[in-house]
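Labels run A, B, C, D and E following the written order; every chain starts at residue 1.
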Amino acid sequence: MMGGLITGSQALAEPFKVGVCYDLSKAYTFASPQVSQAAMDLAKLVNLKGGIGGEPVEVIVRDHGNEPQRGIECYSKLSREGVFVFDTLSTPVSLAILPRAMEDGRVLMQSLVGRGDAVDGTVFDWVYPVGPTYWGQAANDVAYLKQLHDGDLSDVKVGFVYFDYPFGQEPIEILETLSEKEGFDLELYPVPLPGSDQASVWSKVRRDKPDHVIVWMLGGAHVVASKEMQRNRIPMDKYISVNWLNEVDIANIGNEAAIGLKRGTNVVGGLDVPLRQEILAELYEKGEGSGPLEKTEDVFYNTGLAMYSIVFEAARKAVELEGLPITPESYKAGLETLKDFDANGLMAPITVTGEDHGGGGKTRIEMWDGETWVPQTDWISAYSDVVWDVVKESSEKYGQ
Amino acid sequence: MFYRLSGVHHADYISDSRMFKVPADRNLAVFFLIIGVAAPFIIPSLYLNSYMLPWLIWTAAALGLNLVTGWAGQLHLGYAAVMAVGAYSAIHAAKFGVPWEFALIIGGLASSVIGSLFAFAALRVKGLYLALTTLAMQFVMDWVLTHSPAISGGSHASLQSPTLALLGQDITSDAGYYYVAFGWCVLVTIFMLNLKRTGLGRALVAVREKDFAAAILGVNSFYYKILAFATSSFIAGVSGALLVATFFFLAAPEQFSVNVSIQVLAMVIVGGLGSIIGSYFGVALILLVPGLVNGLVAAGSEAIGMQINVETLAHIPNAVYGALIVVILLIEPLGLGKLYGNIREYLMVWPFDQLRK
Amino acid sequence: MMTNKQTANSAGDGAILECSGIERRFGGIVAVTGVDLVIQQGEIFGLVGPNGSGKTTLTNAITGFYPPNVGTVRLAGKDITGTAPHKVATLGVARTFQNLALFNGMSVLDNILLGRHIHMKPGVMRTALYWLAAQREEIENRKIVEEVIEFLQLESIRHELVDGLPIGLKKRVELARALVAEPQMLILDEPMAGMNQEEKGYMSRFILDARAERGVSVLLIEHHMDVITGICDRMLALNYGEMIASGIPKEVVKDPRVIEAYIGGSHG
Amino acid sequence: MDWIFLSELAINGALTGLLYSLFAIGLVLIYKASSVPNLAQGGLTMLGAYVVVALSHDAGLPLWLAIPLAALFMFALGFGIERVALRRLAGRPVVMILMLTLGLDIFLRGTTLAIWGGTSRSMELGVSYDPLFLGDIFISRIHLVGAAVAIGLFVAFMLFFRSRTGIKLRAIADDYTASWSVGISVERGVGLSWALASVVAVAAGVIWGEVQGVDQSLSLLLLKGLTVAVLGGLDSILGAVIAGIILGIIENVGADFIDPLVGGGSRELIVAAVLILTVMIRPHGLFGRHDIERV
Amino acid sequence: MQDKAEAQPILSMNSVEVLYDNVMLAIKGVSVQVPKGEMIALLGSNGAGKSTTLKAISGLLKAERGRISRGEIKFEGEDITDALAQNRVQKGICHVIEGRRVFEHLSPDENLTAAAPTGMSRSTLNAEKEKIYAYFPRLAERRNSQAGYLSGGEQQMLAIGRALVTQPKLLMLDEPSLGLAPFLVAEIFGILQKINKEEGMSVLLVEQNALAALEIVSEGYLIENGRVVMNGTAEALKSNSDIQEFYLGGGEGTDFHNVKHYSRRKRWLS
C-alpha cells in the first residue's frame, strides 16, 4: 500500500494495472512463461510509446500453481491494490475467480480458458473469453475437414483423442452434434492424465483407421502421441491439434517427423509477426526484454501478445470514450467497442459486443511444413449457430 | 511467570478434567475467542476473507482428518474426496430447495456414508498400504466427478452454489461468511477438545496404538474405526460444503483433487498428529506460506531490482515451501503443535528453569 | 484378610473357567492340544511350561485372539468358544500381556481409565455434548479408577506418560487396568518377568489382595517357580502344547516329567 | 474377438508396466532397506533426467558418459539426503517420514525447475521409433529397451539382497536398534539404499524422459509407481516387476473392454479398483512380507 | 580384588551421567570396571538404570534420545565416550539388548550373517556360525526358518549368537533370563560361563535373577536410583543380608502370603 506512493510525477499517474495470476510452477508451465513474458514485453512497449492516455501500464505477474485457493488469494490481494482486469490462463482458477469477479465488478479476461459459455455477455457481464472457445475451435476444425473433403463428410471417420478431464472433454458435445449434422463417424479416445502412456490409444487408432484425428491435449502429450503414431505407422498429416501445441513440441517431435501436422489457432505463428519484430527491436536488442529470447520464438508468445494487445487496446478505447481514469465500467465499454481488431495482423480479427464477449471465435488451421506454419484456411468461425445453441443452453443454467 | 502451575490444584475430578487445566491456557483461549468474534471489525476484509476464512474452514477440516489420522491412527489420502461428497451433496440439496441448515447436514451425512466405505479398507490394511488404498478411492471419486456432468455441473464441471442462508437469514456479507466459518471451526474445536477427555477419544487412541490390547479391554476396534471415519467424514463433508458456500461459491473437481488430499494431510502432520492447536498452525503454514513466500520473493526481487526470470521466480517459493516442511520436521518431528508445547513448557517454568532436575 | 484355607473353601463355589480338549494350530505347528482345565471361583491357578509350550496360545484361545481349532471354553458355565476378544472382555475376563500392551502415548490415568471402557458408553453425541451427557459418567468412573490407583500405589505417577516408566511399574499399571474392569477372571501372562525378589513379593501381594478384596479368580503364567508354588492353589504344566502334570503346586514340581521338561535337574 | 489386437494391447501393456516397475524398484529398494516410504522418488527421477539432459544436451557430453556421470551425482545425492534429512528422523513413526519425503519431493521439484525451467526437453537416446513387428503385432522399441533395463535391475537387486550387504540392509529394515547393537551402520545402510534408489531414478528418468519428454510430469510417475509397489508388496522387488506387468496388461486390455461401457476413459478406475481389491484380499500386496504380530 | 585392580580393566566407566530427552537424568555418576576375562553382574531393581548403563557403554543411547552428559568410558584404555555404536562393536564391545530383538524377517542364519563384521571372510564367518551352532544346537535345527517365529528361548540364543559373530572382547547381556523357563536359564548361563572360560571373553551381565547370576560371576555391582550403591565379590554380595532379602529371596522359602503391605525402606537408599 505504501509502495504505491512513489515520488515525483509518477505519483500522480496511477498506472493501468493488469493482474496476471498464472500457473507458473505446475502443469501449465509449458505455456504460461511465454504468455506472461509477452504480457510484460508488451506493457514495456506500450510504456515506451507513452503509455495509455499518457499514463503507464503495468502487468503484475503472480504464480497460483493452478490451485483455486491461491488464485483467489492473488485476485483478492491485487483487486485490493486497485487492479480490475484479471487473467488466469487456467480453467480451474478462472472458474474459482468468476463468481467473485461477477460480484465485485472486475473484468475477468479468459482467452482460451475457463467456461466456454461465458462468451454469452448477457449472462456473464464481467467475463471476456476473447478469442475462440474450445467449442468454437472444434467446430472450426470440422469446417476445415469439410472443406478438405469437398463439402461431404458422410464417409469420413474422425477420431477425437483427448485428455480425460474437463479441458479435453469439453468439445465432445459439439463434435457429437456436428457428427450427426454432417454425417461423419466420430470415435472417442480418452487419454488419462498426464498422457505419458498412450500405447493402447494409438494401437486402437491404427486399427480403427480414422481419416483424421482431432487432438485435445497439451505439451509433452503431443510428443508422446507422435511417437506412438510413428510406431503404429499413422501418418502425421492426420493430426489436427488444439491450439496448445508449440515449437518446443515440434522440436521434440522432430522437425522432419512433424511435417504435415496441423493445429487450429487464433494467432499467426512464426517469428515475423510485426508486433514481435517491433518488440525485438525496441527491447531485446537493447537488453530490455523480460526474459530469454528463445521464449519469444514460440507461438505461445504470440498468443500472449494477442491476448494483451486486446487488453491494452480496450484500455485505449476506454480512455477515448470516457477519459481518465479508467474505471471497470469504462474499461468494459472499451472492450465492447473493439471491432475487427487484429493487432496489426497478429491474430484473427475480433469484434466484441455486449452479447458476444468472445469476439467472434475465429480460428484457422495451419500445417507444419518442416520449417514454418502454412495456413490451410482463412480465419473462420463456422457453425456459429450450433455453437451458440450450446452456449445458450449452458449459460442459461448459470445463476440458477 | 505467565504460565503458572504451582498454586493450581485440582481439588475435585471435575476440575482435574477441565479442557484447559492451566489458567493461562484458559485465558489465552478466551482471548482468541474474543479476537475471533471481533475480527470483522478489526481486520481488513481482504485478510478476513482471503486468509482468515479459508484458514478457519481448513482448520475445521484438518481437525476432522486429525481425528482419523492423529487419534485413530489411520493414514488417509482420500480426505479431499470425502469433502467433495459433502460439498456436492449439500449444494445439490440446497439447489433442490432444502434449507441450508439441512443441506449442510445432508452433506455431512452423505460424506459419512461414503467416508465409512474408506473405513472398510482400514479394517484390512494398515500404514502405507492403507494410504494407497484411500488414495485409490480418491481416484475413484475424481473419476466419478469428472465423468458425471449431472453431479459436477455440466461440461465445464463447475457447479454454482446457491446463496447461503442460515436461520432464515441470507448470508452475503464478508463478515457473515466469516462468522459462519468461525462458528463451525469453534464447534469442531470444542468437539475435539472434549474428545481428549472422554472415553471415545481414549478408545480411538487405544485402537491406534495396539488394537489387540484395545480388544481385551472391550473396545471393538472394528466399530471404533468406522466411527472415527464416519465422524471425521461428517466434519469433512460440512467443511467442504462451507468452503464452497462461503469461499469458492462454486464447486469444481480441482478444489478436491488428490493434491488437496495430500495438502490436508500435510497440514495435519506438520501441525502435529493428535494436536489440536497444531492443526491451527499446520493449516496456517501449508495454506498461507506459498502465497506469502511468493509475495516475498516477488517483492524481494523487485527491491533488489534484479530481473529474475518469471519462471525461476515462480519455482523458488515451491522449493522454499518444500524445504520448510523438511526443516520443521527435522526440528520437531511431532510438528508445530509440539514446538508450541515446548515453548509453553519453557514458559511454565520460566524464570525458574534453573531449578529443573 | 483371607487365609489360605478360606480361599480353598471359596474355591468350592463352582467353576468359573472350564476348557476342554483345546487345540490350536498355526500352519503346521500344533501349539496347544488336548488341554483340559478347570478353574474354580476364587482360585489362583498357575500355568507353567517351557518356552513355546503353548501357555500364551492357550490364553489367546480363551480370550478369543486365536480361537481354538478344537475344544470348548466355558466361562461361568456359558460357552464362549470363539467369541471375539472385545466381547469376551464384556463377559468379565481381563488379562495382561507377556510383552506389555500398554498405550505408550497415554498417561497412566488414561490407560487405567480405558480399563473401564466396558462400563462406559462413549459415543460421538456424548462427546459433543460433554457437559450434558458425559461428564458425570467420566467422574464416576474416575472414582473407581482412583481406588485401584491407590490400591496399587500408583498415585505419584498418575499423570505421567506410560512410555518412560520402568518395566515393573508398567506391569503394575497393566494390572491396574485389568483390575478396574472388575473382572471375574483375571489372566496374567508373566506379570513378574524381569522383577527382582522384592518386586515379585509386591506383585504377589497385589494378586493375593485382589482375590481377597475383589474376589477374582486368577490364571497366572509364570516362570518364577517360587511364586507359583508360593501363591497358587493349583497348577498345570504344559510341554509341547500338551498337559504333562496338574494338581497342587508342591506336588507338580516334584513330577519327574516337569523337572525334565521345565525345571531342569539342577534346580535350586 | 480380435486376438491379435488383444495380444498387442497385452504385450505393450506389459512393457509399459515394466517401465512403471522400473520406477517402483526405487521405492521398493528404500522400503526394503529401511521400512521407509519414499515419496521423493518422483522428484529424484525428474532430477535425474534433468541432470542427464543438462550434461548431454547443454554441456555436450555424449550420452554414454552423461548417464554414468548423472548416476554418480545422484548416488552422492542419495547419501546426502540420508545425511541431512533422514538420519534425524530415524526410528520415528512412518507418517512423519512420509511427510518428510513429501517435503523433499516438493523441494527437489522446485529446485530442479528453478534451475532448468519447465519447458519440456527431449532425451534423444537415439532409439528408433519405427515399429518392431512380432507377427502382426506392433511393438515399441523404446519400451522394449526400458523393459530390458527394468529386468536387468531386477536381477541385479535380487542378487544384491542375497549378498551380505543386502542382508544387512534387510536387517536394518527390521530393527534399527538391534542393527546398531551388532555394529551395523544403520546410517550408511539407509544412505546406500537412497543412493541406489537415486541411481534407479536416473535409469527411470532416462527411459521415461525418452518416452514422454523431460519435464515436470516425470514426477507424476510417483502415483503409478506407488500403485505398482503396493500391489506387488512394498518390500518385494519381484512383486514390483510382476505387479507392473499385471497392472500394465489389465489397464490396457481392461480399458479396451470397459471404456465403451462407461463412455469414457476407465483406466484410472481400473487401476484403482485393482489396487483396492488386491489389498483387501492380500493386505501386504502380492509378495509383501507379513508383519509378525504375536499377542 | 587387589591383583585385578593392577591389571588394566578392559572396560572402565567413570562417573557417567546419562540424560534422556535432555531432562530425565537416568544414571547419576555410575562407575563400573570390568577386569579382562572376568564376568561381572549388574544388579538392581526396576528402573534403576542398569540398561541405561549398558546403552551408555555400547553407544545405543542415541536411538532413544539419550546422551552421556558427564563422565567418561574407556575401553582397553581408549576413550570411547563419544564413539559411534558401530565403531564400538568394531573395537570389541557387543551388547545383547533387552527383549531379544532378533531380525524377525530374516532366518537365524541370515541373522548371524547380518551381524558379521564387514571385513570378515566367508570362511571365518562360516566357522563362527558353526561354533555358534555347536553352542546352541537348537538354533542349528531351525537355521532356515523365520526368526520371528522362534520360541522365546530360541530367540534369546539367537540374540547371543548374533552378538558372538561380532567376535566381541566384551559381551554385555541385558537380562538374558527374562521370561525363560528355569532349565533354559541354567542352560544359557552355563553356555555363557563356558564361553567366558574357553575364549576368555569378558562379560557384563545385567540380571534380575540374582540368584543365578551371582553363581557364575566373580563380582557384582548394585545399582539403585541411578547410582552404584554396593560393589563387591559375588561371595560378599551373597552374604549381605539386604541382598538376600531383596534379591535372592529364600528360593522357595519366601512366603508370599506374608509379604507386608507397606514397603520397608532399603537401607542403602540415601
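A few notes on this one:
Keep this in mind: a contact is a pair of C-beta atoms (placed from the backbone, for glycine too) under 8 Å apart; a residue touches a chain by one contact, two chains touch by 3 or more.
All figures in this text were calculated on a predicted structure; none of them were measured in a lab.
Without chain D, the rest of the assembly holds together as one piece through touching. Among the remaining chains, E is positioned farthest from chain B, on the basis of C-alpha centroids. In terms of their C-alpha centroids, the spacing between chain B and chain D amounts to 32 Å. One inter-chain figure worth recording: chain D and chain E are separated by 43 Å, centre to centre, where each centre is the mean of the chain's CA atoms. Centroid to centroid, with C-alpha atoms defining each point, chain B and chain C lie 41 Å apart. As a whole-number value, the distance joining the C-alpha centres of chain A and chain E reads 74 Å. For chain E, residues touching at least two other chains, in rising order: 24. Touching of two or more other chains is recorded for residues 110, 113, 117-118, 263-264, 268, 294-295 of chain D. In chain C, the residues that reach two or more other chains under the touch definition are 65, 97, 99. Only residues 13-14, 17, 190-191, 194-195, 197-203, 205-206, 209-210, 212-221, 227, 231, 274 of chain B touch chain C when the two sit together in their complex. Residue ranges of chain E in contact with chain C, taken from their complex: 20, 24, 43-48, 99, 151-154, 175, 178-184, 186-187, 208, 210-211, 245-249, 251-252, 254-257, 259-261, 263.
Chain contact summary for the complex, chain D toward chain B: residues 37, 85, 88-89, 92-96, 98-100, 102-111, 113-115, 117-118, 223, 226-227, 230, 234, 262-264, 266, 268-269, 271-273, 275-276, 279-280, 283-285, 288, 293, 295.
Per the touch definition, chain D reaches chain E in the complex via residues 90-91, 164, 167-168, 170-171, 173-185, 289, 292, 294. If you check the complex, the residues on chain C that touch chain E are 4, 48-52, 98-99, 164-169, 190, 193-202, 204-205, 208-209, 223, 225-227, 229-231, 261-268.
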